[in-house]
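Each structure below appears as structure tokens.
You will see two complexes here that share chain A, one where it goes with chain B and one where it goes with chain C.
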Partner chain A sequence: MNRTNKILRYVSRRLLQGIPIILAIIVLNFFLLNLAEGDAVDVLAGEAGSATPEYMEQLRAKFGLDKPLPVQLLVYLKNVVTLDLGYSFRHDMPVSKLIVDRFWPTLLLMVSTIILAVGFGILLGLLAAVSLNTWKDAVITVFALITYATPLFWVGLMMIVVFSLNFGWFPTSGMENIAAFHEGFDRVKDIAHHLVLPTITLSLFYLALYTRMMRASMLEQYGLDYVVTARAKGLTERRITFVHVLRNALLPVVTMAGVQVGALIGGSVIVESVFAWPGLGMLAFESLFARDLNLLLGIFLLSSALVVAVNLIVDVIYSFLDPRIEIG
Partner chain B sequence: MIDFWKRFSRNRSAVFGLAILLTVLFVASIASLIYPEDPFRLAGKPLSGPGLNGFLLGSDSLGRDVASGIAHGAKTSLLIGLIATLAAVFIGIIFGAFSGYYGGRIDDLLMRVTEIFQTIPSFVFAILLVAIMKPSIESIVIAITVVSWPGVARLVRAEFLSLKNREFVQACHTLGMSDLRIMLREILPNCLSPIIVIGSLMVATAILIESGLAFLGLGDPNIMSWGFQIGAGRTMLRSAWWVCTFPGIAILITVLAINLVGEGLNDALNPRLRERQ
Partner chain C sequence: MTKHLLSINDLSILLPEGADRKCAIDNVNLTLNAGETLCVVGESGSGKSLTAKAIMGLLPAPHVRVGSGSINFGSEDLVQVSYERLRQIRGSEISMIFQEPMTALNPVMSIGNQIDEIFRYHASMTKLERQGKAIQLLKDVKLPDPKQIMNTFPHELSGGQRQRAMIAMALALSPKILIADEPTTALDVTTQAQILKLIKEMQSTYNSGVLFITHDFGVVADIADRVAVMQEGLIVESGKVDQVLNQPNHPYTKSLIAAVPSLTPRAPRKKSDESVIEVKKLNKVFGGEKSFFGFGKSKRIVNAVQNVSLDLFQGETLGIVGESGSGKSTLARCIIRLMDYDDGDVSIDGTNISKMGRAEMRPVRAKMQMVFQDPFASLNPRIKIGNIIAQGPLIQGKSKSEAEARARELLSVVGLDSKSYDRYPHEFSGGQRQRIGIARALALKPEVLVADEPVSALDVSIQAQILKLLDDIRIQMNLSMIFITHDLRVAAQVCDRIVVMRYGEIVEVGTTSEIFSNPTHDYSKELLNAVPGKGWEKENKNSASL
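Let's turn to the complex of A and B:
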């Protein structure tokens, strides 16, 4: 069997492994929904201002809320599988549509964050490892330690104080200047301008993480036998570092990028609510205040599915990067 | 013990971290002495700058003393961090021990559950849990516990896997000890050092999660916390920078100190690891 075939089989097997996890999360979602005080009918009745008990019973029967729990669970499962995540009464929109609308800003923020954090993390980690035990290494290590310990929302607020309020370089909030009616390239520029501070804020924590990992990974590789062999062959240190060590040291960093996506989503809730970035995180923040549980659960479900998907993608990338990985 | 301290103090930054941590602990323990009044109380002129009107670190828009809030908030952060970590370590040990010791189907089942909890984005899950249970100190502790135990479970499982076939365990079997006794009295004490290290680092994460929750308005409304102070001060960012700045520095310093101590513990408890580097 050739390699592409093998990889295809591997991908489909991993997809199958992801299904039970998603199912379990849906079931968990259902129980959380039931754990909360009051059901959708209570919410509706509250919205309407007045409702007789008979009318509420009628509504419950209409939504199937009078049925036994297992039946409700099955209905819920069917709904989720058909991408029906319920209705957000606050926004007067189906949850799934609302979530899809708000997904793109979050994706933009996350992708730019990953690029920045992984890129600079690798660079700084490399620099620290190459100049081990010098002042450069010390500065980078201290920087990583401090950013690793800083709460994201605080960094965001301090960024606003310094760069928006004091210097006036960047806007304080939002994704674009809607009142300006920018079109085409101007609009892209406007969005990029708004993107700078949220991206830097969200990157900092992961930057610290990747820097530390890259440094440790480089140092580990330097101690291995093949480096000794390379030195014995008379290769220059430069070549050893960039051609031999760097490639091998990158592997754990790639895996980590996948593992950290869940944390990245959590971080984006905070960063988006600091910068009023109109993505999923901001939506989650709003739904907290509106007590819109359906919406919150929908966001939760989507972000879990996203983590499963990204982990799958990272595993596949990994198997391409490192042919030694057994995938059969 | 002296030997342990010798190895710990070889890492200077860890000693530095420990000193900061002890200071924070000290401030937390005397918070009610130096600021006997309720930190939510109106203490003077609103929005006074640091050093003005008798406020060491200024006051916020409702005239609450920022310094008093930080002192009382230290208690909240450390307490929540500690309790949630202890609970998470407890659950993690149970899952990891049974999984690693028995293997087979039990291992499969327990690890599947762990995997699910590891997949779920932890901070979003914590938000959801607190929102559903209504914000209170108990619900915050429960939420942090629920999202942080899987790491411990994995670690304990790996330790148990590597220890369960050692000779001393086999000797225990021959002596006719019960499984539970072997797990608790023989294997567990042998994997305490990595558990202590991961636990100390988890306290730092727990404090960060707690402050994030409080910042989003999911803190206990009756208890002062650093995250709440920052969340309450963010609308005043333009005119009163100090309301947000000082509690943030408090979080940063505390978390940094705990991380440094954790690394020091790691070096001191796993001397072999240190020599390798």
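Let's turn to the complex of A and C:
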């Protein structure tokens, strides 16, 4: 069978398998969120200051919150299947519109973080392994250790203190300078400028992780028999490192990167809050306190779909990197 | 005297501080001439592989390095030449093939690319020329469909094909010297015979000198012109192949040769008619079940064991021989129900055990015990030896003191110090660990011992000791034994009857002498023909043994 066909078949099968997974995640999330005390009505009433129990009951009936949980779940599932994610009373907007608006900033942040973390992680790991036991290796290892051990929110705050407040190089928060009404390329530049600090903050931990992994993976590969063979064939060390060892050493890093995309969404909650980045993470944070369950469920649904998709992409990439992995 | 192609003079290789000896090899002298095959023989740790690596400058520096001496190749000393010059020599003038072709090839690079890079780094040729040359090479080493092989990856080839590809790579630039480091150890015996033949043919085509490292005297007898025997870093004896094999001088050489099992089966013993284990129409298929989330994904099905019926009689040793993938280990595991089978019946002492549940099986398990192949992987590294042995009796309901007494007794039965009781597996050598494995199996006083390649990971002298131990124990405890092996020499010395397996099926059953003197099935004949060194009559063996 030809390869393209095989991959297409594999992808469609994996997408089909994703449906029950996502449904299971919805059900689980639904019950988990309902375990928490209080609902949107409690919050609304609390904020309004004066609400009679009768009025609260009326609101609950209006939102459908008075029905038993299984019924609420079935209604929600039915809506999801028809691609209706419900309405956020808090924001007075349909959930789907809200999360799609907030999705792009998060995606931008995630993609730039992954590129930075994986790219530089691989580079630094490679450099450390090639110059094993020299000062370069020592500097990289210590750098990786420190960033690995530093909490995200602290890094974010320090970044703001040092680079925004002291040096004034970067803006402290937000995604763009709204008052400036930039258009076209200027707007891209402005967003990129705002992107720098959040990306660095979010990627440092992963950068350290990938650096360490890549270094260990390179060293492990150097010890294998095929490297001896390559030397016995009279290849240059350059060729051995960059062609033979590098590609083999990449495999575990790619696997890890794929697995961690999910964790990255979690990490973005903190970073988005620190930098007031208008993404899903911040939205999730706000809606949690507002008990805006519809919105939260929508965000979780999108995130789980994203994780399923990314895992699939990684698996396909992996099959190209490693011919031993057979798709199908 | 003509000038040698390669001469190693007083070469010493230093080991790092704290190793069990100071020098990996000490004052080694070797010479190799064009068109000649020099075999370096020795057991593990004798320094034979390091000698080969030193020639290529492939020692794992900086921990292991040349201390003194020279390696003269042409007008150059390979110990002294610059790194760049050494790189040029590697692969073009001296090349090397390795033991395990799976790990020696880069798993993510196509065979074609791996051959191509030799040309790229040693010769200036256009892409098309290189490709043509590579295809020609693959044809020379008799790989089927060379054009297609160019685009395959190592895992898509069989072990023998991979080693052929390795040889093609090594011969790409018609080297003056080919170093072969145990190139057939990981291969099946029939494949081994083909590869040895190929190396011989290539040698006569290119008139290269071959330095062949091996531990197998059968292989030596088949291909060597001259032999050097190494023991703990020293060359204890060297000379022409006939002389070393048939009139060895050094006691070590004598003991090694004496330890090689003879191909002449031992005298048949009286056979009992009482069947201990009866296997009827056993079938085992791998990869048959469909998973729920598979959505019609087609799975590869392997018929590991097909329609196998056999009997094991009281007191006999039944050998199961076959090449890798023939299903011999799977069959053994199915018989003692370490693995569930799809179809068929197994009875022990007349009781059918195929349908028994876990609890019902437990008392039966004590009757059948297993000794595994790899003594390093089959002992739990975190449990003391004594507890490993005592575990079985404890599970079967013996008291703690009883189990301990039994374990101590068994340690002495298998020839280990009783102080071993409180030690951990890593403190023992391979041979000692295999003794521990045997003691563990004996702890439950089994009726049947299943030994799955119990000696194939061991050096030949240790192998002889373990085989003797197994034989003594079998007589002493009146055991019946199923002995799985790929080595027909071992089978000849150990087994009363032999079952030959191929592709999960039994192709021939017979007494050892029947199979060896008069095999009926073509495959049995092929196997026997492929045994290395079968032409080497060990007429002096008895006088040479200690």
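Operating definition for what follows: the second predicted complex is superposed on the first by the 286 of 328 C-alpha atoms of A that agree within 3 Å, B and C clash if a C-alpha of one lies under 4 Å from a C-alpha of the other, contacts with A are read in each partner's own complex, and residues count from 1 in each chain.
The criterion applied here is as follows: contacts are C-beta pairs under 8 Å (C-beta built on N, C-alpha and C of every residue); 3 or more make two chains touch, one makes a residue touch a chain.
As the structure is a computational prediction, the values presented were derived from the model and not from experiment.
> Tell me the contact category for A:Leu8 with respect to chain B and chain C: first, second, both or neither.
neither
> Should A:Lys233 be classified as contacting the first partner (chain B), the second (chain C), both, or neither?
A:Lys233: touches chain C, not chain B.
> In the overlay, answer first, second, both or neither for which of chain B and chain C A:Phe285 touches.
Touch status of A:Phe285: first partner only.
> Which partner does A:Leu16 reach: the first (chain B), the second (chain C), both, or neither?
It touches chain C, and chain B stays clear.
> State whether A:Asp322 touches chain B only (first), chain C only (second), both chains, or neither.
The second partner, chain C, only.
> Which partner does A:Ile270 contact after superposing on A: first (chain B), second (chain C), both, neither?
After superposing on A, A:Ile270 lies in contact with chain B but is clear of chain C.
> Residue numbers of chain C touching chain A in their complex, please.
Touch residues, chain C against chain A: 53, 56, 58, 87-92, 95-96, 98, 100, 103-110, 117-118, 121-122, 153, 155-156, 166, 169, 293, 295, 297.
> Going by the contact rule set out above, which residues of chain B touch chain A in the complex?
For chain B paired with chain A, touching residues are 112, 115-116, 119-129, 131-134, 204, 208, 211-212, 215-218, 227, 230-231, 234, 237-238, 241, 244-245, 248, 251-252, 255-256, 259-260, 277.
> Inside the complex, what are the residues of chain A that reach chain C?
Touching chain C: residues 13, 16-17, 224-226, 228-236, 239, 243-244, 247-248, 251, 321-324, 328 of chain A.
> Could you pull out which chain A residues touch chain B in their complex?
20-21, 24-25, 28, 32, 35-37, 145-146, 148-154, 157-158, 160-161, 165, 219, 261-263, 265-267, 269-270, 273-274, 284-285, 288-289, 293, 296-297, 299-300, 303-304, 307-308, 311
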